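One chain, chain A, appears in both complexes that follow, with chain B as partner in the first and chain C in the second.
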Partner chain A sequence: MASQRKRSRGESLALRYAILGAWALFCLVPVLWFLSIGLRPRTEIITPQPIYFPTFSLDAWHMIWEDWPMGKYLRNSVLAIIGSVIIDLVLAIPAAYSLSRFEYRGRDDIGFYILSTRMMAPAIVAVPIFFLFRNFGLLDTIWALMLIYAAINLSFVTWIIRSYMLDIPKELEDAAKTDGAGQMRILWEIIIPAILPGIITASVIAMIFAINEFLFTLLIASTPDAYTMSVALANFTGGSDGVIYNAIALVAFLAFLPVFLVVVLIQKHLSRGLTMGAVKG
Partner chain B sequence: MSNPELSDAGAAHAAPVQPTQRRFKRRSKRMKTLLPYMLVAPAVLYLMLITLYPGIFAITQSFYHVKFGPWQPAGFENYTRLMGDYQFWGALWNTLVIGSISLILQCVIALALAFYAYRDPWVQGWRIIFLIPMLFMPSAVAFIYKLAFLDGRVVADLLMRVGLIDGNIAYQSSTWLSRMILIIADVWQWTPFLFIIFVAGLQAQDEEVEEAARLDGASWYAIFWNISLPMMKPIIAVALILRAIDITTMFTNVFIITKGGPAFGTETISYFIYRTGFKFFNFGYASAASVIMLIITIIIAQFVVKRAFVSARA
Partner chain C sequence: MARIQLNNIQKRWGAVWGVRDVNLDIADEEFVVFLGPSGCGKTTTMRMIAGLEDPTEGEIVMDGEVMNDIDARDRDVAMVFQGYALYPNMTIYENIRFPLRMRGVPKEQQDGLIRRAAGLVELEDYLDRKPGALSGGQRQRAALARAIVRQPHVFLMDEPLSNLDAKLRQHMRVQIKHIQRELKITTVYVTHDQIEAMTLADRIVIMDKGAIQQIGTPDEIYNDPANTFVANFIGAPPMNLISGTMEQGVFTAPGVRVDGLPAKHDGKITLGVRPEDCTVTADAGHLQGTVYGVEPTGDMTYLTLKAGDKLIEVKAHRDYRADLNSDATVGFDPKRIYLFDSNSGQRLR
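Up next, the complex of A and B:
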């Protein structure tokens, strides 16, 4: 009996590592292969027979910096993303404070309205937003990107921060209140320091979604003035030469590395952030 | 002479101090009831600008012919044409087919992986490895799969070497093979999203219940099916809804990999709106399609999403 249980546990352990290992391979092989695309000359990418052991070359690396305004794309991405995260925090922190700390009529409906904007498909609002920005002369500027990224992310930044605020014990606040502190001072001096992990998590996830955003950027940015990395990739086509894959691969990794490092740092909070606070990881 | 006048004026100012103070008090009480609204208002106004305004704009525009010149009133013509447009219905159908297959695969795989990983000593390591695809830009992922399946023919070549197929695969002429590329790309990139949430959900559950069931001789399968899964239900619902929202708006992969082809077989609703609006500049028609999508979204949000988020919080 005991040996039987032992054996079945051993078997399931082998099965466990077989399954997890298989998925890990499935995750990593395309990534490593794409890295090899980035580090090979263009002539070895699209060939009659795929080349599995290419010659090493930094052609693409020189190309993205010398032939394209990659620095500009990078700057556009960074500015638009940082700006959008700042807008989000300025709007979301007071909103989350209101939703988590006050009792008032219509509160839950307002909260749900904020949540529901996350469900809006970009394509639904794309046409009107395009006209709106055109009327304000904002097409093809990073200001437009900033505003739109902020709008896309505002709902879940608010909900993540709200979820963290709900965790703060009421006593902490009551103590400050008896000391005569006003609502805004409580928010600034007690609540915000206490939910800093939540604010960071929300900012990181907002950053990822902003880097990934494609449709709006494609419509708003029509010249390299406002291209971000995400959309610049789609335009890495050398006309009749076709898509320039090795440059695309290198840019993809350039954008991936900082995101990966930051996400590893906030790993513990990720599940909570991704579900807008519905799951406490 | 001016002195008494000044002091008089001073007295006149000093006299109504008490009433102002009372008024101030009343005002501060009103401030207190208004404060939460004022705190939440900027965010709500901002979101209205980006949702309500476009909604009204789209509804208005959907009753006009909007091409290059001035708007021409069209009545319900955009809608009646849309109802008879097989490409619109095709796009809805494609979104549903690609989305549901993709979502089911992701859910099953993520549950299985989470089940095997959550008590593994290296769960952190697995999580980091599995996360990697999710952290690439979707446009980059689209190019990975475009190259692997179409331009670079790597997948076909590998399958040929293993002996599974002889000759090339004609993705471009097969609707289902093209849909399969979109599904594989989506599963590869977004299964980790569900995996991370499911692992957190499994780790958060009460281990004692499970231990008790195990001591009673329940198999792992029974424990998973009868204890873990029901406890995870609200979490699974929230995660699937968030994923479903993103899948139904699938655009990037279609734009880069298939362009909606072959024969509109992979055109999703987002791509349909993009194509009619921004490629054929038929904005009124695109708006009509947007309005129908909007109505579907609102219905789903009210009935499905609200309930899921409320039950997850409880």
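Up next, the complex of A and C:
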């Protein structure tokens, strides 16, 4: 009886590993596939027969670094994304604090208005945005990219942080008030540390959206001075060389890598963050 | 340290009343307990004293100074909350230090004050832990240490023991009373637990539906209730309240006859008698009923009798036993019979 139970527990464990392994493989295959395309010669990409063991080649690697200013694109992406996330947090944290903690007329309407900016199709504002940035002399600068990424992400960053703030017991703030703290001190010393997982979650999601942003980046960036990884990908299509699939795959992999590494590093906070906002504890 | 006066305090949210016409004078160094059921306005009243809620009308005065427009952080009150409200990102040391930092206590004095406060609540060994690593009782003590560290004018405690188990609650009760006596700080304590109220308070303020029902010492509240609400709220089991008729000093209700009462209260009357003031007797008593339940607890036996359609609780001798549905007679202590107006519930004297 006992051995039968032991065996069935072992089987169930094996089944769980099998399901999780299959899921992990399903998620990883596209990434590995991209890497494999990026690290093979161009001649082995489009073939009538599948090649199971392609030749290892750093052609694309050399090409993207030597023929193209990939370092610059990467730097532009990183600066624009980090800058935009900082702008988002500086604006969203006080906004979320106000929306979650203070009673005033029209508060919920303002909150909904902020969220509604996300519901609009980006193409609708593309032309006005172009003229706005041109008038400010910001076209083809990283500053413009920072501002546009921040504007795109601000609404949901505010809402994610707001939902975390709503979960913080009001008693904590009351305690801080009777202890002698003012509003800014409460925000800085009590609220922000308590919602750190939420801030991290919102930041990572904002980073992912920003690194994938294409439309506005293409509109604003017209030279390599402001090109980011997402626009750089477009450089490998068309032109006299045709579509350079291995370069596209390698750049896509490089664009994926920083976000992947950030997520792995803060995994603990992120998983706690993603669930904490949803369930009242 | 501080005298607190509440003058005609009211709190409304639109048409909803939170607190009505509260008038109270709390003496310096006094320990006052607000007692009442959920939603009676006791916590709202305390939050108004703390400055966390503004009264709709009335004045809150501390040591002669009107406090209505003064921010919570400038009132020099310290509050202990039901859910402890410890800052989760800080160690216990940092938690206790927080009010000192906020009030600009010089750094060189802080460590001594923190260790003294932690010593008072026996928490010296846990100062470097985060709140999440402490048990409920330890967290409560940490919250207490944070409140006492800066020797405030007033302590406010909002059901601080309600999340603890019975044994720990009893221990913490003794500790709170001891610390309050030692520090001589005016204290307002909110609870719905009558044992806490009776054991801790110099005076108890009983509240219901936003209004004060009675203010008095624990003895006064127990022995001299002002109305049926207070009579029913204090005591375990609560006072038996029997509706009946009074005629020329004789009270009658189904199964009940009590004579020799004041002749001035004829008409519909509610008679109150506590279970501990009832005695099972073989002689002619005041109440004849049938045994509905017998519950021995070791040190006594709870006897429930049915008289008419009313259930009457009696604290009988620990050896008392009886069969269900058998007849029993109970006598009331004539000096401990209370009469109330059946309509208003107010005490008749």
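Note that the second predicted complex is superposed on the first by the 220 of 281 C-alpha atoms of A that agree within 3 Å, B and C clash if a C-alpha of one lies under 4 Å from a C-alpha of the other, contacts with A are read in each partner's own complex, and residues count from 1 in each chain.
By our rule, a contact is a pair of C-beta atoms (placed from the backbone, for glycine too) under 8 Å apart; a residue touches a chain by one contact, two chains touch by 3 or more.
Predicted model only: the values in this text are computed from it and were never measured.
When the two complexes are overlaid on their common chain A, residue A:37 makes contact with chain B while staying clear of chain C.
When chain A is checked against chain B and against chain C, the one touching more of its residues turns out to be B.
In the superposition on chain A, contact is made by A:185 with chain C only, not with chain B.
Applying the stated contact rule after C-alpha superposition, one finds that A:175 touches chain C and leaves chain B untouched. Applying the stated contact rule after C-alpha superposition, one finds that A:78 touches neither chain B nor chain C.
Residue contacts after overlaying the shared chain place A:266 against neither chain B nor chain C.
Touch criterion met: A:102 reaches chain B, while chain C stays clear of it.
Legend: residue contacts after superposition of the two complexes on their common chain; A:193 is shown touching chain C, with no touch to chain B.
When the two complexes are laid over each other on chain A, chain A has no residue in contact with both chain B and chain C. Per the touch definition, chain C reaches chain A in the complex via residues 47, 50-52, 71-75, 77-79, 81-83, 85-89, 98-99, 102-103, 146, 156. Within the complex formed with chain A, the residues of chain B that make contact are 33, 35-37, 39-40, 42-44, 46-47, 49-51, 53-55, 57-58, 61, 109, 112-113, 116-117, 120, 124, 126-133, 135-140, 143-144, 146-148, 151-154, 157, 188, 192-193, 196-197, 199-201, 203-204, 220, 234-235, 238-239, 242, 245, 248-249, 251-252, 255-256, 269-271, 273-274, 277-278, 283, 286-287, 290, 293-294, 297-298, 300-301, 305-306, 309, 312-313.
The residues of chain A lying in touch with chain C in their complex are 169, 171-172, 174-182, 185, 189-190, 193-194, 196. Per the touch definition, chain A reaches chain B in the complex via residues 12, 15-16, 19-20, 23-24, 26-28, 30-31, 33-34, 37, 45-46, 49-50, 90-92, 94-95, 97-99, 101-102, 104, 107, 110, 112-132, 148, 150-151, 154-155, 158, 183, 208, 211-212, 214-215, 218-219, 229-231, 233-234, 242-243, 245, 248-249, 251-252, 255-256, 259-260, 263-264, 267, 270-272, 274-276, 278-281.
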